[in-house]
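After this come two complexes, each holding subunit A, first together with subunit B and then together with subunit C.
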Partner chain A sequence: MIRFIAKRLGSGLVVLFVVSALTFFLLYISSGSIARNILGDQATAEQVALKEQELGLDQPLLTRYLAWVADALSGNLGASWFTSEPVANSLASRIPVTMTMVFTAMILIAICAALIGVLAAVKRGWVDRVVQVGAIIGDSIPGFVIGVILVTILAIQLGLFPATSTISPEAGADAWVYSMSLPVIALLINGVTGGAQQIRSAVIKQLERDYVRTLRSRGIGEREILFKHVLRSAAPAGLTVLSLQLIGMLGGVVIIEQIFALPGMGPLAVAATGQSDLPVVMGVVMYTVVVVIVVNLLVDILNGWLNPKVRVS
Partner chain B sequence: MKFGRQAAAAALILSASLALTACGGGATAGGAAAGTAATSLTLGTIQDVRSWDPAQAHVGHVLQPYQAVYDTLILREPDGKLSPMLATAWKYNAASTKLTVDLRTDVTFSDGAKFDAEAAKANMDHFKKANGPQMAQLNAVKDVAVVDADTIDINLTAPDPALEYFLSQAAGLMGSPKALGTDAIKTEPVGSGPYVMDKAASVKDSQTVFTARKDYWNKDLQKYSKLTFKILTDLTARTNALVSGQVDATILDPKNGKQAEGAKMKLAANEVDWQGLLLLDRDGAKNPALQNLKVRQAINYAFDRKTILDQVMLGQGTPTSQPFGKASGAWSEGLENYYSYDPAKAKQLLKEAGFESGVTLEIPSVPGFETQISVVQQQLADVGITLKVGAALTNTFTSDVAAQKYTTMYFSLFQGEPTVAINQIISTKALYNPFKNATPELDAKIEAVRAGGADAGKLAQEVNKYVVEQAWFAPLFRVNQMYYHNAKVNVTPQIQQAVPSIYNYSPAK
Partner chain C sequence: MSDSVETAAAAASTPAVPTGQSGTVVRSTVIRRLFRNPLGLVAMTILLAISLLAILAPVLAPFDQNYANIAKTLAAPDSVNILGTDSAGRDVWSRLLFGAQLTLLSALLCAGVAIAIGLPAGLIAGYYAGKFEAVSNWVVSILMSLPGLIVLLTIRAAFGPSVWMSMIAFGILISPSYFRLTRTAVQSVRNELYVDAARVSGLSDLSIIARHIFSVVRAPIIIQTAAIAGVAIAIQSGLEFLGLGDPTKATWGVMLSEGFKNVYLTPTLLFWPALAMALTIGGLVLLGNAIRDALEDGEKIKHRKQAATSVKGPLAGPTPARLPARPSRKSVAAVDLGTEHHLVKVTNLGVGYPQADGSIKKVVDDVSFHVDRGEFLGIVGESGSGKSQTAFSILGLLPENARVVGGSIQFDGNYTVAPGEERVSQERLSKLRGKRISYIPQEPMSNLDPAFTIGYQLVTPMVRVLGISKAEARQRALKLLADVGIVSPDRTFNAYPHEVSGGMAQRVLIAGAISCEPDLVIADEPTTALDVTVQADVLDLLRELQRRLNIGVILVTHNFGVVADLCDRVAVMQNGRLVEEGPVRDILRNPQEPYTQRLLASMLEGKEPMSMLVSPRPKEPVA
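== the complex of A and B ==
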């Protein structure tokens, strides 16, 4: 197991390195005159040249990339070109917001999707059809539309929740709970319907397997078959779906955070990318890659724990 | 089986919603912070400031937050009149090359430093070398000399009629001389203004909180005990925050404004920008057709400005044929409808110009202006002009414009003071004159404005008339800035600013 984890971590590092290089070079190609962007349309050519020097943009690309890597390895992600704020500070204040939201949504999705998916698979009949129709409807409404509808009804008309985030250092834990409620629900609905659908298929597939028939023929109770055998075998499929959803959610959360003005990674990513604020974009990308690697690793470990067969392979 | 479905639904609702309402203070969670006390003001702003260094301040809505903590030398009233602030009086020499400024003697900065002539000089020297976005405001300034403890001389290389105006803007913001140039001032401002930043309550890109400064020298400008800027980049978020009472005022657009009006929000509208076509390649370097005056005029006659305004902007604005703003002094009634909608005349002009078979213009698409561009395209097609819309502008568009990538473009531009507008769209150094079009006649008119002192506005009418008659542009309309506020606050619009100055808000009685 340890060797397996070490191998996974090693390949993760390689991915991190490759992505950082790709991002750095792609951003450079598409970003044009960054100094001009920073200074605005009134700046003279001399001002622009001065700024380029200040930011080190007059250095060759490779030199700049290597300098970035060296700094990053020593824990220094640099500072925003536009605001001079250290990237590490920006990430530190924003990651908790996004992660709280994503993981709360994910835990709720896992619970709800598993319940609904298993129920549909076991009961079949009209329950199954309702779940299927629900999945289609849920999948076809984007999260941000759900978000806007929720705000209009629950926040503006009924006043139950704040329309935009009230999270701030002076606000207490209740502000977190209130501000997160609607965004989490908006993220949740797609996840639950999509997840339930996948879990349903996985469970049905297992229920049709020979070993289930054998177990039944030996007079073992349905409940035991389901919980002891079928769910354990269906779990890897479910876990994979959920991990994919979590990774997909890192993208979906960007729009949700904008709508609810949550001070998370989304607005930072959008603003930094729009401005070609390279140090910040690199920070955001590194964070995303790390999350993806960690999530995948956790899923692999969980799968191994649930199903020893996976560990061997 | 019935129970199963209900249980699933209950799981959803319970886990996501009911559990969350169990803790916390009830339904007022959102609204409580904003404006329940008459002396707190919460404003929804589009973006956070990049740096609190006063030399990094910008114009318009990016100037407002700086006004909370920094006083300017000169105060610009809502109608544009310049009044004393940190400067008590100012006067030019006969040649308009030296501005002597008398300063207040009773002002301190929030770190205890005293405001005096040395401090003013330190700020202007810093501004000139800090490479901020508005550094050009002091381009005409040669140096600043301390005359005595409360007087400075600002020496100019050439007269600049906009200098006094600039001293009410970014270039006039005064920070503590002890803090200038340090890293600390980038994240925590140190000024002499009506408010001081509450750093502990502020979060970058989320909210900035200010409290009233004790012993502020001008209580008339300090109307609130607490001031919060809530950064709401997203238009929907701003609309929701306003109608739900989380912010007292914010800027929207005509469409979202309807929703705000439905929630009884008040509009403080103000024309700040103009929209239309910039016919950049007037010498025909890349598109020979544009060299022909009649072609440029035909383009102007092709537009039914009123209908476009009504359809696209819900009528929020005024059709116009001139690029200079109403408040600039360069505006002229006679030019307002210089090019009325006349497709027959447009076709006739094209025929006279020898372009009967048609003219093709290429423009870049502009994010957010797709509707306008497609209407423009249609109306141009009606007179025989083909508009080919290319790839969208990206964040490198300023460099692209400067590199003569576009011969024509649709844009929305700020309408500033005459020399500001000239430097932006007309002079050969202007970004939006990338082909550096000029004629001796126009140069003479521009020179007259620059040397015109107090008459600059009137003299700029000649420049305005020239570019309208020569059809340098095809302006469509000035657009209203849709600034909305609730009933708890009175707001006075500020000319040439999408967002009012911070002094223009007061609690509604």
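== the complex of A and C ==
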């Protein structure tokens, strides 16, 4: 098991390295006018040249990348070109907000999607039809549009929730939960509809397996078959579904935070993108990839624990 | 678009029939099914309407997309601006139309890029495998681990606001979905006989791919494209909603963003682009589902046809016309008569499956037989003869949609299916299954749960059914494993199913079947999936256990040789009906029915059928 984890961790690091290189070259390959953009149209050619030197843009691309890697390994991700705030600091202050939302939403998705999906697979009938229709509706309306609709109706028209959620945790747990609930709901609706549908399919697939029939023939009760055998075998598929949703949510949360004016990664990423503040963009990509790698690693470990065959190989 | 849907759907539903008339027939039925599906029709209508509006935007739109009337901002709908104006005084309806144009084009671009990369890569990886596949799998795993929106933000930061740039990037990012789909499809047909035949007949790889393999992946690709176009529209709009789109272009995302800025003043500005998006993406989702349903229905019908023809296979020969006459009622009636007590008594059993058109297709029809304790009954027939369905009705393990359409089943004098009941009573059978009736399946590996040790799967039923302690059950399980001829029971007990051989797994399943000392064991082709050398051992084991424990056994098989070896009595089934039933020796020596004669003749290939079977065969102890 330890070798298995080490192998996965190693391949995760390789991915991190490759993605960082790709992103870096992609970002800086077309960076001819960066200094000009920062200084504005009024700046003279000398000022621009000086700024380029200051940012290290006169160096060859490879040298700059290696320097970035060296810095990054010591925890220094550079500083914003516009605010001069160290990227690592801005990330550190914003990651908790975003991650709280993402993980709250993911836990709720996992619980709701699993419950509804299993219920639909076992009971079929109307529950199943609701899940099917729900999945189509969820697929048809992008998550951020659902967020917009929720804000417009629940917050602005009906005034049930605050429309913006810029409340710090110090304002008291109640107020904080209250202000966070709408963004989290907006974040999880698509996840629940899609997840329930896919978990339903995974469970139905397992229920049709031969060994389920044999277990029944041995006199094992339906409930034990479902909870001990079927769910365990369907779990890897469910985990994969959830991990893909989490990856998607790292993008979706950017828009949701923008809608609700939350001080998370979203506004930082959007502002940096709009200004081509490349060090910040680079930092955002790195944080995302690290989260993805960690999540995938956890999923692999869980799968190894659930499935003896994976563990052995 | 509907043209390509037609051909692709047809091709995918007939992968084994690359050309010819049958292809045409299936194609028309898939298309007809697609049009008959109300949701499919709605989806196509919506998408067609939106496409038309988009194409005709320059004609239909009363204003240019960026024409701004500053004197008339955020206006309510009137005769000039039928949906009102936005905060810059631009006409919402016109912008919606031009937005449709750009949105659909960008979705097409994204899907096009994804197909251009994913399809050839998938074809190559699937067809040639090797290093290319390994490398592409690795690239795929990287691409799949990147959240789309974050990548698009990066592209936007590097290249500025361009719909086309971001859609090309997203196309690359999402190309793995085509890659994986194509690779899987190609792998599944790569080793098909008709592809081998094409290769042998000297076709180049390129033309094999073009002619045979490409036709298999077309329909899945169309379904995938519907989904991906929807995702592309959503993510592009998301980017624009963040204010990172091209402000000079009217797209639905830009309009949403603009509407959200004015949400306190005129929330209707949000409504129209949101509606347009939901309709378009919803239409694509529904269309994809409808095509998939149409194809799946086509598959089902094809399987049914194949099954039907295989039943009338070589053995049935030219005499199927007399089948419904129920030829051997006499011999069946002999069993049927009276009310004598049997371990299992099946009376006039009928099993059927409801069809889409409301009729019921009978797979078992008017079957009667009985089994007593200590008796070995063989049910013999070709695949599709209804023998397994009969066995599963006794076990109460028919598939969910099966219906008992006639007759009854009694176990030890009690009805498990009373006359007139539509389903097997699970309530009554759950008390019998495992305890008094048990089951030996056909395919050993798939019948053990891969996630649990063999020991666990032996012990639990004993604990549940017999109510003994785990430790006691463990002792019994080890003894059972030794009884069924497993050399080191301890090791097997602790092994996972994937760690033992097929023959070993089948012995484990037999041990499981007899673990709770049942009165009746139903064995469904217990040796078909095993090596020939292992088959004999397993059959000997079955016979030995049956004699020692004095249990009744129903052995379902297509092999008369096995029947001759083991059974006391045999029932011959064909097309869901019982053709002939009686003591094995009588039937082997003197088969009454032409079908039985043909079945025997085909097994023994012209030898004098009884020569080697008359003399009683000495039974060797289990190896």
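By definition in this document, the second predicted complex is superposed on the first by the 302 of 313 C-alpha atoms of A that agree within 3 Å, B and C clash if a C-alpha of one lies under 4 Å from a C-alpha of the other, contacts with A are read in each partner's own complex, and residues count from 1 in each chain.
By definition in this document, a residue touches a chain if its C-beta (ideal position, glycine included) is under 8 Å from a C-beta of that chain, and two chains touch if they have at least 3 such contacts.
The structure displayed is predicted, hence computed values, not measured ones.
Visitor: Quick check on the superposition: with subunit A as the shared anchor, is it clash or fit for subunit B versus subunit C?
Guide: clash
Visitor: Check the residue A:Ile29 against both partner chains and state whether it touches subunit B (first), subunit C (second), both, or neither.
Guide: Second partner only.
Visitor: Answer with first, second, both or neither: which of subunit B and subunit C does A:Ala175 touch in the superposed model?
Guide: first
Visitor: Does the superposition put A:Ser217 against subunit B (first), subunit C (second), both, or neither?
Guide: second
Visitor: Just to be sure I read the superposition right, which of the two partners does A:Leu57 touch: subunit B = first, subunit C = second, or both, or neither?
Guide: neither
Visitor: Just checking: does A:Gln258 make contact with subunit B only, subunit C only, both, or neither of them? Give me first, second, both or neither.
Guide: both
Visitor: So in the superposed three-chain picture, is A:Ala121 touching just subunit B, just subunit C, both, or none of them (first/second/both/neither)?
Guide: In the superposed model, A:Ala121 contacts neither subunit B nor subunit C.
Visitor: Tell me which partner A:Gln47 touches in the superposition: subunit B (first), subunit C (second), both or neither.
Guide: The answer is first: A:Gln47 touches subunit B but not subunit C.
Visitor: With both complexes overlaid on chain A, does A:Ala72 touch subunit B (first), subunit C (second), both or neither?
Guide: Once the two structures are laid over each other on A, A:Ala72 reaches no partner at all.
Visitor: Between subunit B and subunit C, whom does A:Val285 touch in the aligned arrangement: first, second, both, or neither?
Guide: second
Visitor: Looking only at the overlay on chain A, choose which of 184-192, 256-264, 292-300 or 472-480 in subunit C hits subunit B.
Guide: The superposed arrangement places subunit C into subunit B at 256-264.
Visitor: Overlap of the subunit B and subunit C footprints on subunit A, residue-wise?
Guide: Residues 30-31, 148, 151-152, 156, 258-259, 270, 274, 276 of subunit A touch both subunit B and subunit C.
Visitor: Once bound in the complex, which stretches of subunit A touch subunit B?
Guide: Spelled out, the residues of subunit A in touch with subunit B are 30-33, 36-44, 47, 50-51, 54, 82-85, 89-90, 93, 108, 111-112, 115-116, 119, 123, 125-127, 130, 148, 151-152, 155-156, 159-171, 173-175, 177-178, 180-181, 184-185, 188, 192, 258-261, 263, 267-268, 270-271, 274-276.
Visitor: In the complex of these two chains, what residues of subunit B are touching subunit A?
Guide: 1, 4-5, 7-8, 11-12, 15-17, 20-21, 23-25, 27-31, 33, 47-48, 50-51, 58, 131, 133-136, 183, 186-187, 200-207, 209, 230-234, 236-237, 240-241, 243-244, 246, 263, 394-396, 398-400, 402, 423-424, 429, 431-432
Visitor: Could you please specify the touching residues of subunit C with respect to subunit A in the complex?
Guide: 141-142, 144-150, 153-160, 227, 230, 234-235, 237-238, 241-244, 256, 260, 263-264, 267, 270, 274, 277-278, 281-282, 285-286, 289, 395, 397, 430, 433-435, 437-439, 441, 443, 446-452, 460-461, 464-465, 496, 498, 509, 512-513, 516
Visitor: Hey, which residues of subunit A end up touching subunit C in the complex?
Guide: On the subunit A side, the touching residues are 15, 18-19, 23, 26-27, 29-31, 136-137, 139-142, 144-145, 148-149, 151-152, 156-157, 209-211, 213-221, 224, 229, 232-233, 244, 247-252, 254-255, 258-259, 269-270, 272-274, 276-278, 281, 284-285, 288-289, 292-293, 296, 306-309, 312.
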